[in-house]
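Chain IDs A, B, C and D follow the sequence of writing; residue 1 opens each chain.
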């Protein structure tokens, strides 16, 4: 996938996922805060479940498409793992990307089962997500042998977002519905998405001069740039969260705001 | 133990242990969910304890057999630690493996004492398990000096599963009976077991050509292969869990499924 | 910023912040302990909020001033990122420092919004603080390429305090108001502040001979010196805490001290 | 302190501390379990406090003696830090050891204040202990430059026990009175103590031949030996715990053991 498109595509997916999740969790958090003013809880719970089912199906679908694309497009290995004539592994990169998609697909499938049937405990969807991200980071970790300095560096920076997300998703197993963790995960997803785009621009500049991949100053600039992407991701999440909160805000006739706020439940557990 | 058998044997043990644990915890979780429909709790608790006692005895027995085998079979050191005539340590590998078995034996012994007497706090069995796995990983960590690249790499990959399991078992000290953590531990045990088999096939191929232990492509393939083993382990655990849940499912005349599910206890603590 | 002043200035800020926080949290903890003797809770809560608003504004203001100073003073880049005539990045150091200030500014801004409006969950201010410190450490981590041994070492030691603080602030998301964590964060802030001064003295001694930056004994001394700074920070926090506690102590006519003490709430949660 | 005695002395202290702590926590745990049979809680609490005060005083005293010994015995620096005539730091090793003692002394002092007055929150004693152990490990970490392989290795192994203990003590801030964590800390203390003795025997064999400090087999043996020390420490703690439990066991006329056991409080919090 060593191309601009090859980085822009997953980047776009993560950007969309991050923005979608931000909207979803902001909406649910706003709903939870308003729960004592009329909105019947049961209905909201049913619609939440419906939303989760749709989301899981979409993830499952795109993972499947991703695997197919990696295998059968252009110079894919077409499910052939070992080239016996030339005695070497066939298109290992494509196989690795397929494996990454496989784990996100598994996470989607499990989430689908959890939210359609009674078979499995609820927190399993977060564990599967944590494993999917961990697996992505794990494969990237051993992916970088023998590349030039800046190439290695931009991919290593990506690992902060990926392993960070795996950790946050794992913490959510124990603190499900904690809005802080959810928004942090959204932020890291958007960071990952925009950084994939950045990697594309740095390694395969669509126009303009090539970057010097061995210049230490470039490395320092790229590191700082990563911080800016994080700030940008935080900004996007904040704006989205505030917009959703404002749209679903409690009517002004309600009183005792101060008291309500102090007891504002940050975790689903407190309500369930 | 540098042989195919020497890796297949522990691999088989971990596979059996992983499958056994998956069945056990799935069954108990299903029992907990059904508890309000007639199954008397006291009886189930007594049978749980009986099961734990049997399991601990089996672990203790096989650890003891393992130590004896390492010491007295074929070219074992026969409890001789230092060779004074040649001035070198006698069969350090066998001694290291004996030490690993010793810690699993200790974990079994402590678990046996905990479940037969009132002497020690319950959570100690998980701590002992965590220590046993940590010790296994610790010894592997300093085990790999001077081997070839791929040999080191396949053993390092094993460490992810081993230290992961140690961590999960340690978390279980505080979250005892959390089905998510239990299933994660089962998955990592099966991963460890199947990976031991894989190591055997890679380093000592029973038939077919030898692997090139210095080829970087082999290393990348092996890394990806580890992900597939993880996916396979997750599949095994899922199928087992669903089968057990389906066999012990709540009778269909029960109503109010939705409500029950929302309050589905994920931890033993909530019931005790 | 490679100068004595350039290290003394941030050092002073952290020292002031650490001392301020120690006083604030000590006062609030003392107030919580005394709550059952007349001090009306509502009023204290309102004044707490006012204090938070002032503090956030000050942080926001100084971050803004810091960015402006880095950009426009003396040899700053004046918001120019790339020097197209000489084809190199313009003053990367100043840009990196600006980025650090930016994140502290963001933390201040979010904290301001949290404490003036109802928009966001309370725990977000600690998360933003954790991110700001993490970002500071992250930039320092890739900041040290090609410097001499002692220069790298004194900055690496700084990372213990910075990442430690990020971790403690993150833990506070889940254990808000835990006085132990709060005082630990204060200690690490003061440690960071005084160590910035130490770095200034070691690398740019204002008078006296230069240090030999390659002598291993100097490195060992500096390591030990870091411990002393930690001890000093602990001392400052202890003295401040005891002074505040003594000033706000419970009147002596109260009885049943032993019982009160055993139930001394260490976390805000227990009261809210 | 490069001598056999220099390692045996701290080793003995840690051994005594570990055994003492095991006895103390076993006794308190047994007392908590028996609390419903007559033993009045208030009296036990007062005697616990008295015990803590004595313990803190002893730690404080020996830390002070340790600092004095390091400074003024034989070839100590006698509080002189820099040798201006020869232009080098004076006896850095002794200063480092003094610094380690200083932090244990601080932990003792703070614990003394906590248990004699009402000034500070209870959990602070564990935090101070965690900091003292962390500081010990931190100084050891930068202590090993330029030594031979085995020398570095035996000290690195020590770090597992030291940082492990720091982590456990930090966890105790949040899970105070958890018998599992307390016994784990005791085990690691004894491990540390016996390993100090082992280091003495390996690096400065009092009789018999010197060890070859560059032989890789020695390194592998020493690693395994560390596991044995851990097993030994676990054995000592178990025997002590069982003995104390047996001495303070509940009288046999009590009934309903099964039920009591299931609810056996593992944490002080549940009782307080």
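We adopt the following convention: contacts are C-beta pairs under 8 Å (C-beta built on N, C-alpha and C of every residue); 3 or more make two chains touch, one makes a residue touch a chain.
If you want to know which protein each chain is, UniProt gives these names: A, B, C, D = Transmembrane protein 45a.
What you see is a predicted model; the values in this text were computed from it and never measured.
Graph distance from chain B to chain C, where chains that touch are one step apart, equals 2.
Both copies, chain C and chain D, contribute mostly unmatched positions to the interface they share, with under half of the numbers common to the two. When chain centres are set by their Cα atoms, the one at the greatest distance from chain A is D.
For the pair chain A and chain B, the CA-based superposition corresponds to a rotation of 90 degrees in steps of 5. Computed from the mean C-alpha positions, the centre of chain B lies at a distance of 31 Å from the centre of chain D. One inter-chain figure worth recording: chain A and chain D are separated by 43 Å, centre to centre, where each centre is the mean of the chain's CA atoms.
Residues 29, 160, 175, 179-180, 183-184, 216-221, 223-224, 226-228, 230-231, 234, 238, 241-242, 245, 257-258, 261-264, 266 of chain B are the ones touching chain A in the complex. Contact residues of chain B toward chain D in the complex are 45, 88-89, 92, 95-96, 99, 102-103, 106, 110, 118-124, 127, 131, 135, 138-139, 142-143, 145-146, 173-174, 272.
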